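Shared chain: chain A. Partners: chain B in the first complex, chain C in the second.
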Partner chain A sequence: MSNLFDLLVAGLATGAIYALVAVGFTLLWQTSQTINFAQGEFVMLPAFLMLAAMHVGAPFWLAVILGILLSMILLGLAFKLLLVDPMMRHGVLPLAIATMALAIGIKEAVKQFFSAEASPFPSIVPTGDVSILGHAVSLQSIGVLAVAILAVLGLTTLLNRTSLGHQMQAAAQNPTVARIIGVPVERMILLTFLINAFLVALASLLITPIYLAKFSSGEVLGQAAFIAAIVGGFNQVRGAIAGGLLIGVLDNLAAAYVSTQYRAAVPMMFLIAVILFRPQGLLGRAEERTV
Partner chain B sequence: MSGFARPLKIALGLAVIAALIIVPMNFNRYGLFILSQWAVMSIAAMGLNLTLGYAGQVSLAQGAFVGIGAYAAAIMTTHGWPLPAAILVAIVLSFAIGWVLGYPALRVQHHYLAFVTLAFSTLAFLLFRNESWLTGGIYGISNIPRPHIFGIATNKPLPFYYVCLGSLAIVSLAVWWLIRSPWGRAFMALRENPLRAQSLGIDTRRYTLMAFAIGSALGGVAGALYAPLTQYIDPVPFNLSLSLDLLLMVIVGGAGFYFGPFLGAMIAVLLPEWLRFTEGYYLMLYAVAVMLLLIWSPTGILGILDRYLAERRTKAASALRAVAKSRLETVQ
Partner chain C sequence: MKSTLVVGALLTVMTATGAFGQAIKLANVAELSGGGATVGTNWKNGIDLAIEEINAKGGVLGRKLEVSHADSQSNPGVARAQVQKALDAEPYVLLGPGYSGSVKVTAPLAAEAGIAQIMGGEAAELTQAGNKFLFRTSFGQQSSMPKVAKYIHDEMKAKTVAVVWVNNDFGRGGRDVMIKELDRLGSKVVADLSTEAGQADFAADVGKIKAANPDAVFVYLNEEESARILKELKRQGVTAPLMGETTLIGQKVIELAGDAANGARGHVGLTTDAPVDLVKAFREKFSKKYNYVPDHNGLKGYLAVYMVKATTEKMGKVDPKKFADTLHGLTIKAADEPGILMDVTFSDTGDIDRQSFLVEVVEGKQVVKQVLPKVK
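Presenting the complex of A and B:
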């Protein structure tokens, strides 16, 4: 039993990080029909930006702030202006392919300019265990969960409770009508790109201490985020959150109870089942499909 | 492409074929390996172009079929079977699995389909890696023999390059015939407007499955040639990135254009090699080049040519109209 409890906590912690990445992924899809195949690399890069800032002598807290700001400029602003804007009107597929090329580019750039080896990364949460209900739970898991929950709460409050959030939703749901009633749609789309960049930088900060900073670590993360987004519902923020948590837990349980070799297969099977039997996702609403 | 005169087109085609036969004769081992790889990847990309470019079904699993073909060929030829038999098995196997993979396409489209096929790709990779009784697991299968064709041993790089080139030629002719047959037209109808295709009496279910199965079978052929080309296979080359690479080849070359996969495979296989003088930067430059190309022309390289020719035709047509109009006015 205690084993199961530990697995659940660890699963929820990684799941919360997947959720952050998946939320960003669905935001981009909703506002600009961007399927970002570089999302995993977007999570990998900020950690290296922070490491670079520390290399030139910045203390950790400053490096984190600089890393997040730089990520928002590079992965938010530059990504939108230089790649998405010129390609958006040409449909989903060419843009998706371009993000694949971007993923290769980011990976290679990190390998070339930083290191091909895995580097350790400081944790924002102190290491150690606390006892909850008689179980030893690592502070890291609790910290990760807390930060992720705060981020998600902040985002949902922004989206549902503020005028800015309502404008963003309007821009996502029906850009034409949104434009007519005076929503600055372009600015709202840019805002979602900045939010996505912030979320991936946060995810990077949370996950890198666990899995080390490595140029290739984006592949697994990106896939987990895709699966989380689809399973939860491509068009729903809360779906992506649920999907992320579910995939995190499922992944951990599969590693323990199925086999380490076929661990990656379990979320994939689940994904196939969801797509075939409930394509709109567990929490998503059915999108009208083009015939 | 109708902008070129027919004899010119034939002459150009013959020149390219002659160059592909003659020029590599004094290439070194590595150059021949890369060119053979280009031929093999062109076959796989041609298959994906049928599924995606002509029938409009997104697939992120072509790499898995190359893997299936490669393992089929590796396992059979190391057990003493001749390569043609292995290719046949690779075709049948990939066709059958591709057919089954097509079923989700009947239910979901676009990005959902992409993710189902992506999941399939990952599952196939896990099977290659974990079922070591069959695939050799992470150690792979080594000493894959190269075939004897008409009694000639193809162990050396040049003869085997001709095997790859010959296979590419056969597949190219078959695909050329296929897309001009009623089937090819049915595929395009499926891509352009499935509803109308159905109302015209095209069995869209069967053709969707067919598009997947035939495209996958070509992936299997490519794999069955890849195994004897490298003479050693392990699961790594057949992971998801191969599927993504093949998709990139099709889009960059020009999806739905007959010659797209050849060009796309050339870019994906040869461009990184040409950029090798930049050492560690070559893949980065390659990625930037692909992004710039797609920003410039989202329909790929042949999209540029197509636009240029279309523009020239409209210009020629309006010039003709202007002439006709002035004549009309002088008559009046």
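Presenting the complex of A and C:
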């Protein structure tokens, strides 16, 4: 039983990170029909940007801020202007393939310019335990969960409670009408790219102390987030959150109770079941588009 | 006609003098990228350092050493292709790979070509297949695991042990010998956990260890995974003492795992922290050249080249066909060949006998707690 509790906490902590990445996934899809197959590499890269900043002498806090800003410029602005905008004209599929190419490019570039070896990465949460319901729970797990929940709460507040959020919703649901009533659609789309870049940088900051900074670490994350987004409902932010948490927990339970060899297969089988029996995802609605 | 003869004679003279000073060609195939990049990079740097030293002192029997490096990408399939390519160039000796799985699939190729292969793999089975051309640079599992099991049983006094291993040739080989030895000594294995190479998340595995509540945990994973599981063990507050091999307490693991590595113990065939002057000198030279402290794989690569030197000088000629025969049963003393660092004897199967060490990580440093002598 205590084992199950530990597994759930660890699963939720990992799942919260998947959720952050999956939310970004759905945001890009909603506003610009971009399926970003480089999303995993987007999570891997900010950690290296932060490490690079530390390498030239910046303290950790400054490196984090610089890393997040650089990520927003590179993975938000530059990604949209240099890759998505030119490719979008040719349709969804060429763009999806271009993001696959980008994924390979980012991975190889990090391998080339940084190292093929893993590097340690400092944790923003101190190590240690607190007791919850008689169980020792690590501060790191709690910290990861807390930061992820805060980020998601902030995002949903932005989307649902502010005028800016409503404009983004409008731009996503019907760009033509939104444009007629004066919503700056292009700027709204750019904003979602920046938000996505911020979320992946945050996820990078949270996951890298556990997974280590390595050029290949985006592969697992990108896949998990993709599954999470589909399972939860590709057209709903709340679906991506639920999907992320679910995949995190499922992955951990599968590793513990099925077998480590099949841990990756269980979320996949779940994905197939969802596609077969509830193609719109657990929380998604058929034929609807909203952020 | 006359001019052709002159040119022919000239060419003959040129090739003859060329052959006289011709370099001895070695081929290295190692894990320069992928999961084993730490292993392969150290191994390669060790090789380069040794060759630079030897060439600076006039080479082997007056001939310079030369090495080509190829990347196996830590993938046995790629390793096989690279070794085949390397063998086609007819090297004097083949160096590497470091991963047991890659050694397993490449050893038959080298044996068929009749070229000696000096490698870094530690899986027990490698030298048990009757291959007459394969040589180790470190202990095989059949030599090291009994020492580790004995330590867990006698010194750690563990009645129950959790065994975590990586599901590849290296991990499985170690796990099999370990479980057999623990059973023989009377320590009970309460958790037998297989993990995947490249695994990132160890929460579930550590959860199982915690549930089994063992007196000691034996961790047998590759370097990066070792670092991740050490962090997770600390995160979940597992307090049972941790025992492993070189891969648990290596420099790279300590760097990656930070605090979480403290207290972990391991049996080490080779360590740059060995209380041996020649090893200390090696460590200094290596750190100076590459700006980082090498792990045991750096030592292995370095030793591999000095094995080539000592064997060749013993033969008194560069003869790839006789190389393996000469190295079998050979004892190389550090007093005669300082590059070999510690006295070593090679068996007829290519296994080695050498002193070894019991190391504990104390405040981020490897500290040698015991020296275990050479068996014979």
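Everything below uses one rule, namely that the second predicted complex is superposed on the first by the 287 of 291 C-alpha atoms of A that agree within 3 Å, B and C clash if a C-alpha of one lies under 4 Å from a C-alpha of the other, contacts with A are read in each partner's own complex, and residues count from 1 in each chain.
FYI, a residue touches a chain if its C-beta (ideal position, glycine included) is under 8 Å from a C-beta of that chain, and two chains touch if they have at least 3 such contacts.
Not measured: the values here are computed from a predicted model.
> Should chain B and chain C be called a clash or a fit once both complexes are overlaid on chain A?
Result for chain B and chain C: fit.
> Is A:105 touching anything from chain B or chain C once the two structures are fitted on A? First, second, both or neither.
A:105: touches chain B, not chain C.
> Pick one for A:174: touches chain B only (first), chain C only (second), both, or neither.
Touch partners of A:174: none, neither chain B nor chain C.
> Once both structures sit on chain A, report the angle chain B, chain A, chain C from C-alpha centres, rounded to the nearest 10 degrees.
Result: 70 degrees at the vertex chain A.
> Tell me the contact category for A:156 with respect to chain B and chain C: first, second, both or neither.
Neither partner.
> First (chain B), second (chain C), both or neither: which does A:261 touch?
In the superposition, A:261 touches chain B and chain C alike.
> Looking at A:83 after the superposition, I want to know if it touches chain B, chain C, both of them or none. Which is it: first, second, both, neither?
A:83 sits against chain B, while chain C stays out of touch.
> Once superposed, minimum distance in angstrom between C-alpha atoms of chain B and those of chain C?
The answer for the closest chain B-chain C C-alpha pair is 6 Å.
> Residues on chain A in contact with chain B in one complex and with chain C in the other?
111, 261
> Sort out for me which residues of chain C touch chain A in the complex.
Within the complex, chain C touches chain A at residues 32-34, 37-38, 41, 167, 193-196, 198-201, 203-205, 207-208, 210-211, 224, 227-228, 231-232, 234-237, 252, 255-260.
> In the complex of these two chains, what residues of chain A are touching chain C?
2-3, 6-7, 10-11, 14, 111, 115-120, 127, 129, 136, 138, 140-141, 209-212, 214, 216-217, 220, 251-253, 255-256, 259-261, 263
> How about chain B: which of its residues touch chain A in the complex?
Where chain B meets chain A, its residues are 58, 104, 107-112, 114-116, 118-120, 122-123, 126, 129-130, 194-195, 240-241, 244, 247-248, 251-252, 255, 280-281, 283-284, 286-288, 290-291, 294-295, 298-299.
> Quick check on the complex: what are the chain A residues that touch chain B?
Result: residues 35, 37, 83, 86-87, 90-98, 100-102, 104-105, 108-109, 111-112, 219, 223, 226-227, 230, 234, 261-262, 264-265, 268-269, 271-272, 275-276, 279, 289-291 of chain A touch chain B.
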